[in-house]
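Below is one structure; the comments refer to it alone.
Chain naming follows the written order as A, B, C, D, E and F, and within any one chain the residues start at number 1.
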């Protein structure tokens, strides 16, 4: 299963619920305002720092750039993908679960 | 692989339709099929033909319509959600059609993946 | 416009309908339940899941007279009937589960007795397995 | 007292327009003035005359229009937000008019209170 | 100033930000999904239990009832008002600040 | 339709424009800034406040080419010019402040140097007083 989270962890509980209701090992892709969770050195960074230990985590590069953030600010272990990569992840990981 | 797309929000206020569009375009360019995009909830507002964005902004209504024409994508607006929100034949943009919610369930049944974009 | 015809003959999938939003502040609750009902016409399996503030959708006693909005909770009666029909009729191969996440329920001080319909209360770890095994996830 | 009202979201998906309506009605019934309601962002969708809710649900487009007619409330749809979202003269419901964002600033300046409802 | 919060404290950070960026003594009215914050015995009750100590807190009764909740579940010290009461609060407390 | 004419002659109020949402995930940032610009035509005072994820609206280097959305951040250049004009021209009685909440900025690991425009960084307790003293609050 491919989980996507499109909300900032500062604003909503979507990432928390995704982490609680998804299986270890299943993939998470952070998109839209959800990319904020993938940034190093914030008060919310620990959530994704913890997640990368037990599952693949990806972030959508176009959404990172749009918000004036850069790939070198992305937490270690989180892979940056573009829309092509999003399609590949959807193909590889089975059903899509969007945590809105 | 067959991808079905579900869009829950209208253009402009939320990014959902933008992301869905870029996903759909990328999937088609990689050679996948996207037989149907289903517009539900406020997503029906993506089919409002009167939408006229600023000249320097993207026009999602047109982008979806063009994609449908070029790549044979079936753009379906939920009739019940559209009635409530005032999206009907009178103001339906080119490339979209109005049908029932069963078309969403069928897309889920008939596609390898159902991708949802919303708020 | 390119009308597409799916060949869904004999297709049996498991849909998870995810309900995570409080009722009435947004309309998602009402419109997700409409999708659940439609899916019955196609005899698909369904996990109708309530988590986060979605558990309030199931609360008995919604009274929307003073906010002037349509009370959608009678729909649960129809869903319960559809589920009972499917459970009892051997000719209908449709497994519906109405599931509440235990952690979300408890965080809100609610118990099973607060709900309008019978539900399965399932802890997050086990619910994650159920969701993971489904084919399509709809809702928000 | 004069209340100005700002509505940021459309009907159905969010409760904002419902709450604003009940507030406005209560204020008028208490003898206050509500000279203007301004519709911005997705709030412009409250003025879509094609909106046709289920028979057992409220019809916010009509409720606002009726209130305007009975109580002389000036219902203003932002022209720029409306253009983007396809709310124009062609589909504008009775009781609403289209004008500029300056009409929101004026409502803030000219009313004792500016009340905002949104998501 | 009259602050309104229309989001559940479980879902969003709106109530937290309202409490952080409003003056002690200024009034808060919980409306729409925000009424969830006014309910006793939840994991989020402590926020409003703390707030009532230093400011007037109100909750919109019609929104409480709509969600199947009752007035006796409302935290002690929180006053229940209807739309008429909302108008009165707006008149009495000065400018409106909606924390969305 | 009942077109209303306000008598706003000589009225001077303080508007607080509250920006709490991340850019691009929703359109509020762009549309609030349009209101800020219009308010200049009426020479009103303004606190243009950025808190919560709204601080990312000010981040330098927005590059929206790959998401295909309009980059609204050049608007900050216009706002800064309007503010400078008002600050320097004695005939314009319009006090604009561009304010970032210190706590929100720090929680996101940001500093003043990250922003596209000059801002006042103000702690929550003091910002509460500034907001409380304003006449109208617009934004989300």
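Note that a residue touches a chain if its C-beta (ideal position, glycine included) is under 8 Å from a C-beta of that chain, and two chains touch if they have at least 3 such contacts.
If you're wondering where the values come from, they're calculated on a predicted model, not measured in any experiment.
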Both-way neighbours, i.e. chains that touch chain F and touch chain E: A, D
Fewest hops from chain A to chain C - one hop per pair of touching chains: 1
Furthest chain, CA centroid comparison against chain B: E
Comparison of A-B and C-D (more C-beta pairs in contact): A-B
Same or different contact residues where chain D meets its copy chain B, judged by the half mark: same
Of all other chains, the one whose Cα centre sits farthest from chain C: F
For chain B paired with chain D, centre-to-centre distance based on mean C-alpha positions, whole Å: 28
Cα-centroid distance, chain D relative to chain E, in whole angstrom: 24
Length of the line joining the C-alpha centres of chain B and chain F, rounded to whole Å: 33
Interface hub residues of chain F, defined as touching at least two other chains: 24-28, 52, 67, 69, 135-137, 140
Residue numbers of chain D (touch at least two other chains): 8, 12-13, 15, 19, 22, 41, 54, 57, 80, 114, 116, 118-119
Multi-partner residues of chain A (each touching 2 or more other chains): 6, 10-11, 13, 32-33, 62, 82, 95-96, 98, 100
Which chain pairs touch, all of them: A-B, A-C, A-E, A-F, B-C, B-D, B-F, C-D, C-E, D-E, D-F, E-F
Touching residues on chain C, where the partner in the complex is chain B: 1-4, 6-8, 11, 13, 15, 27-28, 31, 34-35, 38-39, 41-42, 44, 135-138, 140
Touch list for chain E against partner chain D, complex: 6, 31-33, 62, 82-84, 86-88, 90-91, 94-96, 98, 100
Chain B residues touching chain D - in the complex, by the definition given at the top: 10-13, 41-42, 45, 48-54, 57, 61, 80, 83-88, 90-91
Complex contact set, residues of chain A against chain E: 10-13
Residue ranges of chain B in contact with chain A within the complex: 1, 3, 8, 15-16, 19, 22-23, 25-27, 29-30, 32, 113-119
